[in-house]
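Multiple structures follow.
In the two complexes below, chain A is the common chain; its partner is chain B in one and chain C in the other.
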Partner chain A sequence: MGKHDDQLDMKRREFIGKTVLAAGAATVAPGILLTVARAANETRGVTSAVRWGMLIDTNKCADDCTACVDACNKENGIDLVQRPEGASDADWNAQRPQWIRKVKLRDMATQVVTTLPMMCQHCEYPPCVDVCPTGASFKRADGIVMVDRHICIGCRYCMMACPYKARSFIHQNVENQLVAVPRGKGCVESCNFCVQRIDAGNTTTACQEACDKAGHKAILFGDLKDPESEITRAFKTHNSRQIRAELKLNTGVRYIDV
Partner chain B sequence: MKKLHYSELWCSSPRYWGGLALLAFIIALGLGSAYYMEHHGHWVTGMSNQVVWGLPHVFAIFLIVAASGALNVASIGSVFGGPMYKPLGRFSALLAIGLLAGGLVVLLLDLGRPDRLIVAMTKYNFKSIFAWNILLYTGFFAIVGVYIWTMIDRTVNKHYKMVGFAAFFWRLALTTGTGSIFGFLVAREAYDTAILAPMFIIMSFSFGLAFFILALISAYWWAGRQLGELRLTKLKNLLGVFIGAVLYFTLVYHLTNLYITAKHGVEAFVLLNGGIYPVMFWLGQILIGSIIPLFLIYSPAFSKSRFVISVASVLVLIGGFFQVYVIVIGGQAYPMSLFPGKEVLESSFYDGVVASYVPTLPEAMLGIGGIAVAMALVAIGSRMLKVLPESLEDPEDECA
Partner chain C sequence: MRSSTGIKRIITGLIPGGLLAVLSMGVMSEPATVGVVTPGSKAASSEACVAPTEEMRRNHMDYLKHDRIEVVYKGIRDTEFGLSSCVECHAAKDDKGGYLPINGKGQFCDSCHEYVAVSLPCFQCHRKTPAEQGASGDSAMTGSNPHRLGLLQSGGGQLTLSADELRRLHVMTLEK
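Moving on to the complex of A and B:
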């Protein structure tokens, strides 16, 4: 009797085991298939054979033009970030995200006035990546420095560490956002060279496109490792420099005549 | 020498429970403030993309620095073999745990995404000082917990010395880590200097001891137990030495910067023309936090007054708070020098101008809530564990 019971039990266990296995496979398989299928279509793979960079000719940057800033705001859904009700002008300006900003400078010795766009300089040795406790702030193989907003805990240490004040913290609830540019309250973000465009095969950023369209051509974006690229050739013929070059971060963004 | 008896803090109900209820109320206010800030987003605070760490960080760093310092009394007893300090070791370790927990609660609740604590605990970038600190903080709880155990339980008392050494080195590492959060930042002129790590250690000696003196006097008053003068005098004199040491490090820090021409701007900002920050430095840290307490501590007229010792300790804490405020907030308010030799005429992102920061009530409530967490933990711990000697009357057969 006891033996008979045992055999029944074994079958029951086997049955449960196989059912769980089948249910597990049915749950996981579509996910794997979908991911693999999508990956095959979208990814050519980020490679260190490329390093994206930018050359900004301040002589061509027009004083009263904000085309690059406007285009960035639109491309990255920054214009969708709403001003919280009751926030003063000063607070809003200090707290709203700004990935790119226009800065106007005057040389104290020569009085020469320069305007230029400032944004993440996409350092080869980014301090923001060094200090990030979770690794949310990271540098891709192709040199783009960006934030993984799934693991950003909002500690803002990267903002303390960035020598260019390039980063913004999302201080308010996010009502609307673009699918390609996820945004979340309590996370940090910054210019990522329009990574969604690059990964889709584009070779220009929104700011460069807008600057070209406005007729200034002050921004040149491209692959610093491609000897034939326009940006590499421009580097050879122009004297450019890094902002805060003394920190030896080897920035991906360089400026002419600052 | 009389044998020491430790016992739980057992006060009359209304005094103990009333105090605890008050602390719970303050903690509830702090939690409410944290919820308010998280629910609306940080725009309801004074923090911005210019001053990214605000008042909660001042409270948190102040408490974390004080925590490691509070352990010093225990370390003096076990590592340096001070017999007068040994009976205070248990309470010192409990206070250290309480203060660290209070500071960490504030730090955690100010995160943009406190719900992602599990991410912080599972994903580590080992080049990040913050990541080191997460390990240093959790390790501190563990080691100091075991330290208390070896002090209370006779069966494991043989490991007391060894664990005491471990705890001492760990607390040095912990404060080095806290100071290095700023010391390793190249971006901002007020930071970027190795002296911040040892300076934070010496600050922890001073703040931690001030906290300890106040907690000890309060606990013995609360419980109606005897606290002898000899021990308090020793603690008080030690506090004086630590205040002097903090002053020395502050002096060296500023002298170094004053010698470097590039840093004249930030020095003038902190010492002379930076609005609220020079006031906090001279009036807060130097006068209230150092000179007056030094006078109170070493003036023969007050040498035995318990009230004056308490006042001096409170002043040290107030001055220390201002010191941390000037380091954390002042260091961010001073503009980064992105374009040396040029003045910024226009920028939508406040380049080249002093960033303004006005703390809001919720930020302050969160910070005060952290202090209440620390005090509540110590009160509950003292009631549950035998950390306080029944009497700390002056020993008759020991010389001071």
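Moving on to the complex of A and C:
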């Protein structure tokens, strides 16, 4: 893995994109102009001027702490999914939905142990979206990757395609869902950066809030495209990396000291 | 064989004829009265729904679909229409004051959907009762639709359409 492969602004598809755009402008110029004019009028909703991301400092992540996981389970109603009667530990642990999980890494050479929270990495080029046969798996303009449950058929291709084991399938009927987080049997879901909070103008995710409150401050959420944001400034001063950067997915979540 | 086909023909001829009779009788009867809302629901004390009742009856599914696209893809959450607002306003309470699932037998959504035999899968994922106050995760919701009123709903729970209501339903359908 070369250092230059691990860039935030990946340009490798730009050339093809520009070529296609130029050809399009030459042949259907009025159509293109129309599209641009309409886009300029659209002031509401998410925009690609923002890309949400996260920086996780593994040095600050405490071994025995699960504050982020607990907060996520509560915020997103994951704790409402009850263990089916008679399910074994193995089945339940394999099948329960999990948007964020604590992962422990041991360097076999040095025996150094690192703990970190792992969730959907909000890839710029998400394999889950590539493989989805229905278009249910999609990336919002602001970089948040999520599933449109209205369209998802529960085929679970995306679960197989995700290199980070970020997605869960809902195996059972759910009752008393949160209004902001609908959930039912037969769809796949994953971390969506607490999209209901972000859309309401909140600037932190539930996991960051919980981690801060627990005094660890290992999680930093923010806008990767804002040069003034705390996260962008932290990127400049810390040596962070993507997990499995060789896949060139340009993840929105990066880690310090892994 | 022959006679049974003949009888069928007579019956199929009678049905549209009967419908027409009901319709024309309706047209001559007294002016439209206001439909009945689920008793005890918030909607019962509201002036009007987010759109005129007859418009809601006919178009609610399109409004919901349009706005769900705004919400899911564009993150616009203060949309004019939303399923949670329907539930918020139209859910009825049981004797003990707890909310009844809105898609339950004879309840607001179910009554019409059963009548017209249209399946109602929304509530496989969406919450069937108004949100409990202070539930986590719902803190960010901005549902604030002040005026709502309901669909045809009889006090007994089961949907019954009066001749007049049936007339208005058909007039509406024929007009558009």
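Throughout what follows, the second predicted complex is superposed on the first by the 214 of 258 C-alpha atoms of A that agree within 3 Å, B and C clash if a C-alpha of one lies under 4 Å from a C-alpha of the other, contacts with A are read in each partner's own complex, and residues count from 1 in each chain.
The rule is simple: a contact is a pair of C-beta atoms (placed from the backbone, for glycine too) under 8 Å apart; a residue touches a chain by one contact, two chains touch by 3 or more.
Bear in mind that the values here come from a model prediction, so they are computed numbers and not experimental data.
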Original post:
Mind checking chain B and chain C on superposed chain A, clash or fit?
Top reply: fit
**OP:** Considering only touches as defined above, state whether A:95 meets chain B (first), chain C (second), both or neither.
**Re:** first
Original post:
Looking at the overlay, what does A:185 touch: chain B (first), chain C (second), both, or neither?
Top reply: both
**OP:** Would you sort A:161 into first (chain B), second (chain C), both or neither based on which partner it touches?
**Re:** first
Subject >> Which superposed partner A:198 touches (first chain B, second chain C, both, neither) >> reply: second
Subject >> Partner chain(s) touched by A:107 [first = chain B, second = chain C, both, neither] >> reply: first
Original post:
So, does A:142 touch the first partner chain B, the second partner chain C, both, or neither?
Top reply: second
Original post:
Where does A:77 make contact in the superposed view: on chain B (first), on chain C (second), on both, or on neither?
Top reply: second
Original post:
What's the minimum Cα gap, in whole angstrom, linking chain B and chain C in the superposed view?
Top reply: 10
Original post:
So which positions on chain A get touched by both chain B and chain C?
Top reply: 173, 184-187
**OP:** Write out the stretch or stretches of chain C touching chain A in their complex.
**Re:** 68, 70, 72-77, 84, 124-127, 129, 131, 135-143
**OP:** Mind listing the chain B positions that touch chain A in their complex?
**Re:** 38, 40-44, 47-50, 52-53, 111-114, 116-117, 119-120, 123-125, 127-131, 134, 181, 184-188, 332, 336, 338-339, 341-351, 355-356
**OP:** State the interface residues of chain A toward chain B in the complex, per the touch definition above.
**Re:** 69, 84, 87, 90-91, 93-98, 101-109, 113-114, 118, 127, 129-135, 151-157, 159-165, 167-173, 184-188, 243-244, 247, 258
Subject >> Parts of chain A lying in touch with chain C, wherever the complex brings them together >> reply: 44-46, 74-77, 138, 140-142, 146, 148-150, 173-174, 176-187, 195-200, 202
